[in-house]
Amino acid sequence: MSDLNVAVIIKLEPDFSEGNVSYNPDGTLNRAETKNTLGPHSAIAAHAAFYAKVMYNARISISTMGPPIAESVLQMAQRICDAEELHLYSDRIFAGADTLATAEVLKTGIEKMQGKMDIVFSGHRASDGETGQTGPQTAWKLGFTFLGNVIDYKIDRENRIIRAKRLVRLQGFSDVVEEIEAPLPVFISIDPSYKPLFNTVSQRLDFEKFQKEARIRAENYKQYLKVFNAQQLGVDPKYVGLPGSPTIVYKVERIPKGKATRQAEVLDGSNSEHIRKAILKMKEALAAMVVK
Amino acid sequence: MEKYDVVIIGGGSAGLAALKQLSNLGKQAVLLEGGNKIGSKNVSGGILYSKKPKKGHVHNVEDIYGDIFLREAPLERKITKYILHSTSKDKVYSMDLTVAHEYESNFGYSVLMSKLNAWFADQAAESAQKFGGGIISGVHVSTIEWDEQKNKTIVRTDELEEFEVKAIIAADGVNSEVAQISGARKKFLPSQLYQGVKVVVKLPEDVINERFNLGTKEGVAHLFAGDVTLNHIGGGFLYTNLDTLSVGAVYHFDSLLANPVEPYTLVDAMLKNPMISEFIKDEVPSRGKIDKSLPQEEQLRIRFAITKLIKSWYELRESYFSQSKRDELVKNGKYQSADELKEKLDSIHEQLTKKYGVGFVTDYVEAEYSAKLIPDGKRCRMLKPYYKNILFVGDAAGRGIFVGPRIEGLNVGIDDAARAANSIARAIDKNNFSSNYLGEYYSSSIEESPYTKDMKQIDKDYLKIFLDATKEVPKDIISTRYGTILKLISSDTIRSVAVKFANILGYERLLPMVESVDTYVKVPIEIAERLGKKVSKTYEPNIPSISDRVAKLKFNDDSNSHIKVLDPQSEFMKKLVILCPTQCYSLENDQVLLQHEGCVECGTCSQETDWNHPRGEKGIVYQYG
Amino acid sequence: MTEDNYHHLYVVIELEDSKLVPVSLEMLGEARRLVNSFNKKYNLDEKVVAVLLGYELKEIPQILIEHGADFVVYADHPELITYRNNIYTKVISQIAQDKDIAKIISSEDLKNFKKPRYMFFGADSIGRHLSSTVLVELESGLASDINKLEINDIKLTHQHKTDGKELTYEKTLEMYRPDFSGFLWTTILCLDNKNPSIERQYHPQSCSIIPGVFEPIEPDKKRKGQVIEYTPKIDQQDLKVTVLSRQVIKSEVDFDRYRAVVSFGRGIKDAPEENIRLIEQLAKLLNAEIGVSLPISKKPFSVNQNLSSKYMISARVIGTSGRKINPMLYVAVGISGAMQHVAGMKDSEFVVAINPDENSPIKDECDLFIKGRMEDVIPKLVEEIKKQSLLAQA
């Protein structure tokens, strides 16, 4: 009996690890030559969903908006969280979408998943793009309560309530851990530091059991996959893709203050003139305009 | 509190075999492994044997896992040749000991533990799940408590809530923490241990077949004694795996203490030996320096591009030089034919040389450096391998076999595990886990094992085979060195009487004579000098430094330190500065300091440290094992 | 027409524990500079409007005016005491679209006011998510993690936005964000769809701003501004989240707050305690935080309990197993320059190494290599700093 419906939205992203990534001479990413993979934050979101599977026997669905090859990351994510339903929203007219237009697609898709969603998980941000906006924007369109930077959660299934911990990081202040409670449904943007804790033998054994089930399911992922084009999804073309995107990328240029290769100037620590020079240089460095 | 019938502590091949056997008997068992996944902390020489002793019987790996083992387990190569080399500089004298290797043996396969234990785990977990058990990794056991009154045994870990069990199998290796926390036995002494160190070298499958003159999936085990030991008691080995070689050395810990040499220096001595360097050589891309006058991001872009190309080159090459992988790629439609593969390979080669100025040189490719302690069963096997309701198996019980060139651990652990599983199943049926019913029963079963016999006395038939194999060795080399008994043993006529006599004397008195610098160093050197053939070195292998080797290893760093030095000024610890395989110790101001960034948890320093495994998931993660 | 509908720059202020988060004043500073040059360039009189939510706000509106706000619109209500996404999004959106407020802010009655022209948020745990949801509610575009801003008239040809024609977008906010590689700037624009088939107006042009990039203006107590109280419309629907507890985690070490970091490694070995004291001295004068190399966190040297628990901890480790930082000034004392450590500090603007061994790898990763033992070099540096600051004061 699974009375908890959980969804995860994920993203196909370039694999930035050395040996897989390729850059053009102008410094831009050579997407054609770079392998794609499941975004690391999307993977964490999948782990968060898997926690619900182990602890509450949740029914998990995964969705992504992307080109046809994005199927592969749905498979990777299913391998993590033992999902039963995989959605790929793929259509030419979705291309060029910024986060608002993407959220429109994802929101429509989630409403087409089997069962009414109780929790939707998203990663903190994508490793390209990196805006971190798609999650909260999808949440707002769905009308779900949005909880960001979640590091831990527990569900009270009977009362349909979630109790979660959030990690709030603000410049100039210590980190704050906030414990909150909210009725389902909720949309959770999972914090990168999230680590699911399974701390009894039986939970760990269930973990292994569902992991194995996930492996088998992922091998036959096509059985669980539904691909939607724009028409099948039923989105208004004006609100998706480039037409539905308020923002565009205008230009890409080199940041002028690039760090040149460091050539160390060697000073003699016993020479007072050198010491004086060192201090002057250090003060100069501290006074420089901040452009990070 | 949650309750389980059996907990097996340690997910090496012995622990996994125990889990499988208990499942075969329909019993519930949970296996706890400290590493983040099974296999991450295992190292083997290694060869896995299956034996058929003339007297008595052992539980072999295929008995426990069934026919599927030989069909599907990721075994490397079946060893069909076994050669012992005596070395002196560039001269080598080789003796074919295949008959000795095949003595009482069904088979011997070269193995890599990371892969193999993962397979064992899949099998064992699937069976265990049927009976409400399974495998849990990333958990470090911290205490075991007995409540005599309520007849409860409680297990506590760093990661999980405590739980109750009826019986425990300690399969946590030579540095068994279960042994320490229960007080079952003392730590093993250096005189009872060997230190093994090895590197896994990559070499394409077809190249191995050709160079070692092997058929598909056939393998050879080369053993080495002589100057390559740098005057230590023990020897080196080179085993052929499917597309890698395991090259390493195993030396008596006492001999290392008497004459400390860094373990990596010992393995380097093997790699530098002319015969071995010829065995390991390959065509290797050599990255040049990137022009530093280029802007930073251009340098980075070039670096990424080169890394990517080199990665593709290795991957393609591995596939191209392997019949099975070649065929699979063509079958999958990735490539139209093997020739197309070769074309792609050549084009990458050209890109690297022409576009990026990367040179190709003769060198060898080292994939992983590892080290481990091995217990010598003759000297340290637990006479009663149990404590209360804990049964000790394999290395945790000090049960490694060292008889001349014969080094066996995996098969012993597996046999012990089956016996332990059988004993516990019996106890579960009668709900009696007392020492008399469980522990003593297990102990007698172990006593009956043919492996235990090998730890107690010399097998005269094995000895005969060994001596026959070495009959070309001039008698005068032996007789000038060894006592009367050994002279007698080498004489065909009175051998069996002599062996009986030797067994009466016992290993204790015999061993110092046999396991000596004479046997492992001086005699082989002389043999090589006199009878050996010259081997020319065609290149100088570029050996990575210890920091490069450590940098290549994967660790999950544990911010808690898991080892504490007890006396920073002790003589033993000062030697550890040299003997730690990953240079975790340094001497500053006459004090030994530890910063264990590279700790591979071998246990070499455990004698005089408060030594623990790291917490669950933390520490070394071996890729090959 | 846009000209009538969208005015002013609204800055969403962040508070934590009733205190201003530094990025709030930074945003205000940049807003002030931008609007000043905007008004000059276009001969207009648009305003910087600070939007402030909270409870018992006391003198904060006044501080905001001193730091550049022309108007402060605040909602003071117990339900707004801590940030909760739903209610904050609703109230801020209400304020942004409130015509009465717009009437007060503008010098005339702008009947057609719809929304702000531009909107700023902080790019941190609050602002990044808050900006996302507000911009859905306001149906406009958002760029995140911005570190450079300009306002220009942009000539643009775009397949969708302009239907392929060359059109001019006036008063467009150019939002620059550093991309994932760290070498490139991507400029994002939020533009109306002028293409008749998909015509839409997208305002406010909004962004979340990276903390620590912009400077606040010098506070001017004489600045004039107006404070407007707003009574929020609070719907029970938006109060679903209950905050049960808030616990401050003692992160003793916050490298990002400091422009300089001084780190030490095993080079302290000859006199660990004395050397750490020297390093503390230097760090204090440079107003720097103190970091360590990984080996130090494993407590290899015996020092007194205070020093050990303060410095030899993993929270201070710079490197792959610890923090990656990029201060303006990084001083590596007695650190050899192992790859793992370098990975944590290589993005620093200016790197100084103090080390007696000229062959140590750190030399390739620094701008200034002071050869010598720290016991000798640091006291000299300290003396020189004191001397130079006396000179500066004189």
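A, B and C are the chain letters, set down in written order, and residue numbers restart from 1 in every chain.
Here, a contact is a pair of C-beta atoms (placed from the backbone, for glycine too) under 8 Å apart; a residue touches a chain by one contact, two chains touch by 3 or more.
Values in this document were obtained by computation on a predicted structure and should not be read as measured data.
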Name the chain pair with more contacting C-beta pairs, choosing from A-C and B-C. A-C
Find me the chain with the mean Cα position closest to the mean of all the protein Cα atoms on display. A
Going by the average position of its CA atoms, which chain sits the greatest distance from chain B? C
Please tell me the distance, in whole Å, between the geometric centres of chain A and chain B computed from their C-alpha atoms. 41
So, in whole Å, the Cα centroid of chain A is separated from that of chain C by 22
Could you state the distance in Å from the CA-based centre of chain B to that of chain C? 53
Residue numbers in chain B touching 2 or more other chains? 296-297
Going by the touch rule set out above, which residues of chain C reach two or more other chains? 181, 183
On chain A, where are the residues touching two or more other chains? 23, 27, 254, 258-259
So, in the complex, the side of chain B touching chain C is made of residues 296-297, 551, 557, 559, 561, 588-589, 593-597
Enumerate the contact residues on chain B facing chain A in the complex. 2, 4, 30, 125-126, 129, 132-136, 139, 159-161, 163, 292-293, 295-301, 303-305, 307-308, 310-311
Can you list the residues on chain C that touch chain A in the complex? 14, 16-17, 19, 21-23, 82, 84-86, 89, 122, 124-126, 128-129, 131-133, 135-137, 139-145, 147-148, 154, 156, 158-161, 174, 178-191, 193, 195, 198, 200, 202, 210-213, 215, 240-251, 254, 256-257, 259-260, 286, 326, 328-329, 331, 347, 349-354, 358, 363-373, 376-377, 380-381, 384-385, 388
Sort out for me which residues of chain C touch chain B in the complex. 181, 183, 266, 269-270, 294-295, 297-301, 314, 321, 339
Help me check something: in the complex, which residues belonging to chain A touch chain C? 16, 23, 27-29, 96, 98-100, 103, 127-128, 130-133, 135-137, 139-141, 145-149, 163, 167-183, 189, 238, 242-243, 245-255, 258-259, 262-270, 272, 274-276, 278-283, 285-286, 288, 290-292
